[in-house]
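Structures follow.
Here come two complexes built around chain A, the first alongside chain B, the second alongside chain C.
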Partner chain A sequence: MQQPMSHWRGLLAARLALGLVLLYLLIPLAATLVFGLSGGHGWGDLSALSAVFGDPDFWLTLLTSLGLAAGTTLLVVLLLTPTVYQVRLRLPQGRFLLEALALLPFAVPPIVLGTGLLQEYNGAAASSPLVALLSLGLVPLLSNVFPLLDIPLLLVCAYVIVALPFAYRAIDNSLRAVDVRGLTEAAASLGAGWWQTLLQVILPNIWPGVLTAALLTFSTVMGELTLASLFNTYTFPIYLNMTGQNDPHRAALLAVLSFLLTLFCVLGMVPGSRLQAGAGRAALPGQIEGAGLR
Partner chain B sequence: MAFLELQELTKSFGKTRAVERLSLEVERGEFLTLLGPSGCGKTTALRLIAGFEQPDAGRILLDQEEITTRPANRRPMGMVFQSYALFPHMTAEQNIAFGLRLRRLPSALIRQRCEELLALVGLAERARSYPHQLSGGQQQRVALARALAVEPKVLLLDEPLSALDAAVRVTLREEIRRIQQQLGMTVIYVTHDQEEALAISDRIAVMARGRLEQLGAPEEIYRRPRTVFVAGFVGASTRLSARLERAAEGRCRLDGILLRVPPQPELSDGSAVLLVVRPELVTLRQLDEASSAAADGGPGQEQENALSGTVELRTFLGAVTRFRVRAAGGQLFTVDLPGLQAGTLVPGQRVLLSFPPEACLVLPLEETGSEVAALPEWPPAAAGQPGPEREPQPEHA
Partner chain C sequence: MLVRARDEREVQTQTSVASREIGGQPQRRVWRLAGLIAWSVLIPFLLFCVLFELLPVIITIQGSLTNGGTTGLSLASYQRLFAQASNLRAFQNSIALSLVTALIGGLVGAVAAYGLASLRQGWLRNLLVSFCSIAANFAGVPLAFAFIATLGVTGFVTVALRNWLHLDLYTLGFSIYQFWGLVLVYVYFQLPLMILVTLPALSGLRPEWREAAVNLGASPASYWWRVALPILFPSLVAGTMLLFANAFGAFATAYALAQGNINLVPILIDFLVNGNVTVDFGLGDALAVGMMVVLLTVVALYTTMLRRANRWLGR
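Showing the complex of A and B:
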């Protein structure tokens, strides 16, 4: 009789702990929502909400941030996935360098990164022969031939650097769990080229990691303030910050909207990753499950 | 002109020479096995053929066409890996269809081919199973079917059965042989398991230290090993270092005992040789006290190639019983007797062991004896079978 009692106690304690964690996470969010909706003429007044949606700056900044986040995510995934795969396959000794590079952004605060990039590409430094030499001619080319400062591409590049540590870890960990060499050689023996192998064999097996990398990059960009300010780009976090200084109720609603937006992104990505992970369990030698015949 | 030709292939990794001037010719429809211990270069040789590694020197010709530098995905070869390397996100059927889809064949044809191949490997009912839902043996069958699907000119198998348990290994190797013969496929098979190699191959290429030691039919490799290494690596044997007294008459001396061996006209008198005697060619006779005393007085003098000794170990191996017998001179013999003949022989018993002259294989030895020292231990530690763990080392005057 004692065993079931302890079992129920354990279950109750677990549920209690889970409830407490959920309360800890949800109470501030609910309070923010309540505060946002209580602006103007008391509780339930949706005028603040309609004011948010009626503000052209809201849509402008939201679309700008979404565009930047989508661009950064795309660039991160397109740059990192083939690179990490290729390094793991052909240059295992280069992994150390890649890991060091991926950790570097942690040591450089965004304000330093932003200032450095602006200094580098603003024309004065770009014309320096030393910079031209060290960058193998890329900086003068990018700053003079392609006016990077006029377009958000430089900001996207800066965001790629900021998101690099998280994205690299996610993709590299996924590749580590896969027999990259074996699968690549098996695909090659069946006639698959490099891209076919990456897209049809490797990518489906590291999909959860790539999705995690994309999600982390997306949410990082959606909440980034420092670099956007330095680059003079009017993004959603800047709009949120400015609104908060004038109208705290509207800022509270914007914060909840921002959270919901990120949540939808997560919910959109998680089922895909779970589906892939379910089908793509690693088949290791000796691993037998549901085997009837031999 | 051979179907597949390896000409002086050489491959190094850093300072390690993995394959050294390997030359081989494989005929169309032949089942050739690369056999050797770990690190002998057999897998590297296979990877060179597959195109996963590029040789430092040498050429590979397939059907009279040079493919040495051709990328792996453009070589008409199929490969089966030790780790199966099935695509985990695809079902058995999708795995098999992968190569066919790359070739943009019509869907109906792909489906039909998949069904045929699944039936060929006996997995028709597991078409929709994912690799993690299959046993090791089933996964390797799917891997085999996948490699066969693209109708390769040469099928390469890299220790495909190593990760499977013993019973499945035997069944699957027979199936691989059946399928190869049914399809008339040219196969190059890599293994370190000599029994596997002897059982399924048309020819065996024994490799050691990156070089080809001997190439021949299984019987030839077993009965007439040409080097000390092959004699030691393939099959159980008793190996004795002796010295030829009269080479042309086939007389040699082993620790003061005169033995008769087949005449060796190409060797000179006084040459150091290694005598190799297979365990099934030695007979044992129990000695009673009287004959034991007589034998002690002059071992093997009345009978040709007969030595008295003591049984040290008896191991039942099923079809045969294996004995380890220490001869009066200290030499260790491995003797296999069929179940009934093993009778009541037990450790500690005095016996007379004998073998006909033609049972002795004579291999010339280097004077240093380093060849014998480098011999692999028999049986391999993992096999857990008894045998002459400490073979008599050569003694040179």
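Showing the complex of A and C:
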């Protein structure tokens, strides 16, 4: 069919806009790479690179962040997968509750969450009878336990909440694409229990969604500064911030390294999301957004 | 409801032997027990959310009404919030920054998403979508440093413009460390995010609708104006709201860029509760509640629009 001219003009404008956007996204990356590698003494000066890798704090904080990210990812998957599965399977009336809990972090940015958590576990609120009652006595207990631990467990718990909206979306979408009820009934008729069904039947069917959730969580934690700074934990983004203020060339190199880290996380998601796209269900706006922390 | 009835039937058949002997009463009790067991799987997650999601919010609200726990019930922290012009200025800056970047990101991102959706080559489309999700996730401190390396005083593009075009951005009044500089940086993560959230909505536009419109004599312009845009409108507004919330809560990017020298609400809260000298949870809580009020409005609009979008494009 002959398309009218104005249609092509519109299409051309849209592709032009796309080209400009891509240019806008690529230029800072390229400039950062060049800037980082040019060091203080012209192009090809790799002293900044060796300075980065020779810094013990670089490895220390990278390790801390990797540990935090791994812990958070594990906790997110462990908490969410059984819950979302059970709601899909038996408790459709619990869906609204889950949706609300997964939406709330949009209205409670990390800086607000951190302010609340600081007061909950370090401040006067820890000994308030109302808080103790509402938390079944767990807040006073935990506020005594957290300082004794070697690992920043409270930070991990906060990260779980930060990652909740994206991780929930990813897992819920993938569960929607499979026949949870049919699979469960088939498994039950073969004698499988609830956990066995979840681990051996459901999980193999939804692993792309779980992987996406895990990688989104992982890359979120690797880049998170706000809460780590509030809780005084020396993580990779804090190191990045401190180093970058003194040496912009080193900062540029570290930014490139962070970009590569994000790249690997997203590349890990691609096969998963393609499988899900193959399931034929178009995600709706707001269901596939990135999780990066601004 | 259907599922509940089905569960009930299952449990009934399981317990029918027992209940025939004792009577009708235990049946219901057993069903209720099964319901409780079904809910019990959710306990760890729900308890976790109470401890680390709901209680912090409740405590923040409580703190804002008791001046950080130092007084009884009072509006002192809100009075302090409104008494100082810099606090209101911070809200003004934060809202302006979020609005400007959400509108730029929303408009340009939506058009670019259409350009992306119109690409014929599947591999290219996939490549660009992956690149967009990387760029949308590339934020915070590294992004701030990337922009300092690009458009800072000695940044690559700044120097290139100065050497080649004799154009000095910084003598022209531009600074990456101020409002419009921050707009440029925020737009970097807003654009790809808008593309990602708009693509599914665009793919929900059925070709039949265009064909029907063309058959009825519509020009491409009137197809867009009368058919496609009204259908897409709720999705586009929802996407823009998401961008707004995204920018409004952003802390790390602005902090790494300006090191606290720009007056935004998250930076102000951090200064109050994370200060080295004194902490003021009362005012911090009041500001935090202010943020939540703004964001709840945005999120409410977002969900309303999303529901409306689902009517045409959804499940």
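In this section, the second predicted complex is superposed on the first by the 229 of 294 C-alpha atoms of A that agree within 3 Å, B and C clash if a C-alpha of one lies under 4 Å from a C-alpha of the other, contacts with A are read in each partner's own complex, and residues count from 1 in each chain.
Keep in mind that, in the parts below, contacts are C-beta pairs under 8 Å (C-beta built on N, C-alpha and C of every residue); 3 or more make two chains touch, one makes a residue touch a chain.
Only a predicted model underlies this, so the values are computations on that prediction, with no experimental measurement involved.
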Ask   = Now for A:Glu120: first (chain B), second (chain C), both, or neither, which partner does it touch?
value = second
Ask   = Touching A:Asn205, do we find chain B (first), chain C (second), both, or neither?
value = first
Query = Which of the two, chain B or chain C, is in touch with more residues of chain A?
reply = C
Ask   = In the superposed arrangement, does A:Asp55 touch chain B (first), chain C (second), both or neither?
value = neither
Ask   = Residue overlap on chain A between the chain B contact set and the chain C contact set?
value = 282-291, 293-294
Query = What residues of chain A sit close enough to touch chain B in their complex?
reply = 178-179, 182-183, 185-193, 196, 200-201, 204-205, 276, 279-291, 293-294
Ask   = Which part of chain C faces chain A closely enough to touch in the complex?
value = 3-4, 7, 38-39, 41-42, 44-60, 62-63, 68-69, 108-109, 111-112, 114-116, 118-119, 126, 128, 130-143, 145-152, 154-157, 186-189, 191-193, 195-198, 200-201, 203-204, 219-221, 224, 235, 238-239, 242, 245-253, 255-256, 259, 266, 269-270, 273-274, 281, 284-285, 288, 291-292, 295-296, 298-299, 302-303, 306, 309-310, 313-314
Message = Which stretch or stretches of chain A touch chain C in the complex?
response = 3-4, 6-7, 10-11, 13-22, 24-25, 27-29, 31-32, 34-36, 79-80, 82-83, 86-87, 90-94, 97, 101, 103-120, 123-125, 131, 134-136, 138-139, 142, 157-158, 160-161, 164, 194, 219, 223-226, 229-230, 237, 240-241, 244-245, 248, 251-252, 254-255, 258-259, 262-263, 265-267, 269-270, 274, 282-294
Note = Within their complex, chain B touches chain A through residues 50-52, 71-74, 77-79, 81-89, 98-99, 102-103, 122-123, 126, 129-139, 143, 146-147, 149-150, 156, 163, 168, 171
